[in-house]
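I have a structure I would like to understand better, so I am pasting it below and will then ask my questions one at a time.
Read from first to last, the chains carry the letters A, B and C; within each, the first residue is number 1.
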Amino acid sequence: MTARKSLDELASLTGGRVQGDGGAVITGILPVEEARPGDIAFIAGKRQLKLLKDCRASALIVKDGEFAEGSFPAGVNLLLVKNPYLAFAKCLEVLRPQSAKEPGIHERAVVHPGAAIGKAVSIQACAVIEEGAVVGDRAVIYPGAYVARGAVIGEDAVIYSGVTVREDCIIGKRVIIHSNSVIGSDGFGYARDGAKYYKIPQTGVVRIEDDVEIGACCAVDRATLGETVIGRGTKIDNLVQIAHNVKVGQDTVIVAQVGVAGSATIGSRVQIGGQAGIAGHIELGDEAMIGAQAGVAGDVPKGSVMSGYPAIPHGDWLRASTVFTKLPEMKKKLAELEKLIREIEGSKKEP
Amino acid sequence: MTARKSLDELASLTGGRVQGDGGAVITGILPVEEARPGDIAFIAGKRQLKLLKDCRASALIVKDGEFAEGSFPAGVNLLLVKNPYLAFAKCLEVLRPQSAKEPGIHERAVVHPGAAIGKAVSIQACAVIEEGAVVGDRAVIYPGAYVARGAVIGEDAVIYSGVTVREDCIIGKRVIIHSNSVIGSDGFGYARDGAKYYKIPQTGVVRIEDDVEIGACCAVDRATLGETVIGRGTKIDNLVQIAHNVKVGQDTVIVAQVGVAGSATIGSRVQIGGQAGIAGHIELGDEAMIGAQAGVAGDVPKGSVMSGYPAIPHGDWLRASTVFTKLPEMKKKLAELEKLIREIEGSKKEP
Amino acid sequence: MTARKSLDELASLTGGRVQGDGGAVITGILPVEEARPGDIAFIAGKRQLKLLKDCRASALIVKDGEFAEGSFPAGVNLLLVKNPYLAFAKCLEVLRPQSAKEPGIHERAVVHPGAAIGKAVSIQACAVIEEGAVVGDRAVIYPGAYVARGAVIGEDAVIYSGVTVREDCIIGKRVIIHSNSVIGSDGFGYARDGAKYYKIPQTGVVRIEDDVEIGACCAVDRATLGETVIGRGTKIDNLVQIAHNVKVGQDTVIVAQVGVAGSATIGSRVQIGGQAGIAGHIELGDEAMIGAQAGVAGDVPKGSVMSGYPAIPHGDWLRASTVFTKLPEMKKKLAELEKLIREIEGSKKEP
């Protein structure tokens, strides 16, 4: 789909101001290097200024006040904004509108008569909605998704193909769940019975609050008792594991392939880097930042930045990691010094 | 669903004994902090005794002989058992019975006439069962699951939504496979042909023995020749990778996001922590324990406890990890000592 | 299915030569230890010669020129080839032919009339093909797979059960995608808006070139703008994460559970070990090799071999890792030496 917007319209959309021709017509959005006349492009920072030499874009999104006059080629129009990345997102929305699914229930969808289906929903082929499930107004359920008995899908939620939402789990408004993720699989809980394991029924649910986005191929386990919770606005990447009874706060970011073990509590506005592991029953304070591949085995205070395995303060880890590569020479040096000292000691005793 | 059991009935179910009113009616089970009259709660250990001050539960599951008299509030009934966690599991089963799927083949399921379907099975909407597949008595196949040609699903097995069981794979009795896991995908095997890779057909199968549970979004690859085997009673968490020709023993526990490379042999009663990696063609002895995020590159003797990357004995790893954070000061100290020694040496030579 | 081939036919197939009876009839292929008369087996290297004592195979695939005369039992026929592993793959193909899916569109498949469907395709039950999608000749779409609007599936591609190919993504010829992988999920991109995250529309696509194979439960995200690309002949194992705007070259191998962050560029003929992580916006040169579980945070030159976290040259990492376990004794030694030096220093000052 294509769109036509004047630069003035984009300024109004993004709360920015135009320097140049506000009537310029913008029909596309591309990286600076690829932009052609008619396109708007996004300058992420000063490093990108060198790309402007051959710039053919009709307009540039730039941070207001960041660049000296004369930084830009003559004749290029500027959209000056406070938050260029946010402006870029909003321009993308209108310049590359994504085709919405038309409302309607596909004849090959399987919707139990005892499910409560809202207005203007889209339920597509081979989606299965069980008895007692609720699908909120304008929600979209893609092909092959499964909404089990008693599960609730919030208004305007988007459940992509192949997603499973197990029994009684609650998905908030405007939540997006990408393909093949599983919400509400059984927690990994067993009682030992001699050498064998006896399954502990996982009778709780998962509750995902409003405005959460969950990537593809994630697993969020239901609680043993009570709830596993993903807080409002939190964003989770692909292939992430959230175990039973975990509580995640609001506006937290969890990057791909992270694993969070059972009953851990993650605060709000936390950031967890890719492939990191969070042990069970621990607590990460608000605004904590966990480095990629870190292994966090204990509580992390609010605002701490941690890396490594086991995780330690990020600065300490960086310094220790730098020395790590020098271990062989340190070992050699230590042996040399020992030899020297023994010699000195020996010579002292001689006379 | 709700249930009503007398405390005497729960004692009989769990092999425990009642201290207090055996006729007390129990209708729910909740954590101590949340329990109300009518509920039974579970005391996991002495640390939880402090929660009892405001306890409103009608009964507590406690380990027989662990607590001194007077540890518990007057009037609270006790269910004294040998294994409280196991008793908790059994009480959960009866107090929160999970609604079973009614037997039957949904009209929107796709069952090949050449499949052998047992008694009292449940095959749900959009599940697809191919020619030559076998579905054992009372097995449950959830929506969108796929049982390929010649695959065998054991009696009482539960195959959740979106699971694929590929051609000729064998799933034992009472096995549970959670949503979107894949059993029998091709092993990752190629012959090099110059710079290119030539696919080696993966002609073997996966055999999953009785009483295994496999989490959501796992991949268990079929063997090149022969079988990939998951032994009886083994429990596998979410997002786990089991490569081709791996053999896993009995009652082994594999936590989320573990990866086991091709042709590795894992013993029985082994425990592998989350995100650990096991190299190909190596052997983990029975009862071995592998720490979370460990990378195991060589054989591990029976009963060994290993951590780190590369994995070393856990105690050694703990001690070395503690020193790791002190590397920068060790390096500095080493330089200081060297300077001192050079001075001493120099002063010796002077006179 | 069974097959009958003469040894001469297998020699012709593999470009090898027969030593012994070229007319010997081969009907199966098994490991040396399990092979019976009628089987051909594969000798991977000299280590396996000891298995030959009780060998009952009718023929052996061996590397031409590698073994001294008399290495093999009298009477066993040899298929001498330049590349035994490749010959094994080719023999497997003919001796264990895998049953192809018959062409046809299942009556329970859901194919939009506005999709373009090639000749001799197989589209199976509960697969969903949307408007504007293209399915190339002889492609096979397994049950429950979803091909979204405008997506293109190349000729002879195999899309296994439960795979999602999102809007406008392009899958090359002969590509194989294993069950429950997701191609074209949204990239993980947000603009910060105060403490909240604002979704950046992911308007690009994924392009997968010819002859790529992708394992089960992988996620390959679509680009924000432009393309995420997987180059010709690249092989990707299970549970791998490829983020938005990543470019992977040709004939690269990515082992299970690897994560590649956004906008990284991976060269051709690269090998990445299991569970490794590649940071965003970095570049891995052609033929680079990355060890299992490594964490690569910066550019890697062509042909480099890297391990560890943060990744360093593999040799350095091996040496440092060996010393790592000795850290506690090094620390102790350092303290001892310091004490000695202080004593020496003190004694010097005394008189």
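Here is the rule we use: a residue touches a chain if its C-beta (ideal position, glycine included) is under 8 Å from a C-beta of that chain, and two chains touch if they have at least 3 such contacts.
Remember, predicted model here, so these are calculated numbers, not experimental data.
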Q. Since subunit B and subunit C share one sequence, what rotation angle in degrees maps the C-alpha trace of one onto the other, as a multiple of 5?
A. 120
Q) Between subunit B and subunit A, is it the same set of residue numbers doing the touching on each side, over half shared, or a different set? A) different
Q. Counting in whole Å, what is the centre-to-centre distance of subunit A and subunit B, each centre being its mean C-alpha position?
A. 26
Q | Per-residue overlap in subunit A, given as positions that touch at least 2 other chains | A | 126, 144, 162, 180, 217, 239, 257, 275, 309, 324, 326-327, 330, 334, 337, 341, 344
Q: Flag every residue of subunit A that touches subunit C in the complex, lowest number first.
A: 29-31, 34, 83, 85-86, 88-90, 92-93, 96, 98-99, 106, 108, 124-126, 142-144, 160-162, 176, 178-180, 213, 215-217, 233, 235, 237-239, 251, 253, 255-257, 269, 274-275, 292-293, 309, 321, 324-328, 330-331, 334, 337-338, 341, 344-345, 348
Q | subunit C-touching residues of subunit B, taken from the complex the two chains share | A | 110, 126, 128, 144, 146, 148-149, 162, 164, 166, 180-182, 185-186, 188, 190-193, 195-201, 203, 217-219, 221, 224-226, 239, 241, 243, 257, 259, 261, 275, 277, 279, 295, 309-310, 312, 316-317, 319-320, 322-324, 326-327, 330, 333-334, 337, 340-341, 344, 347
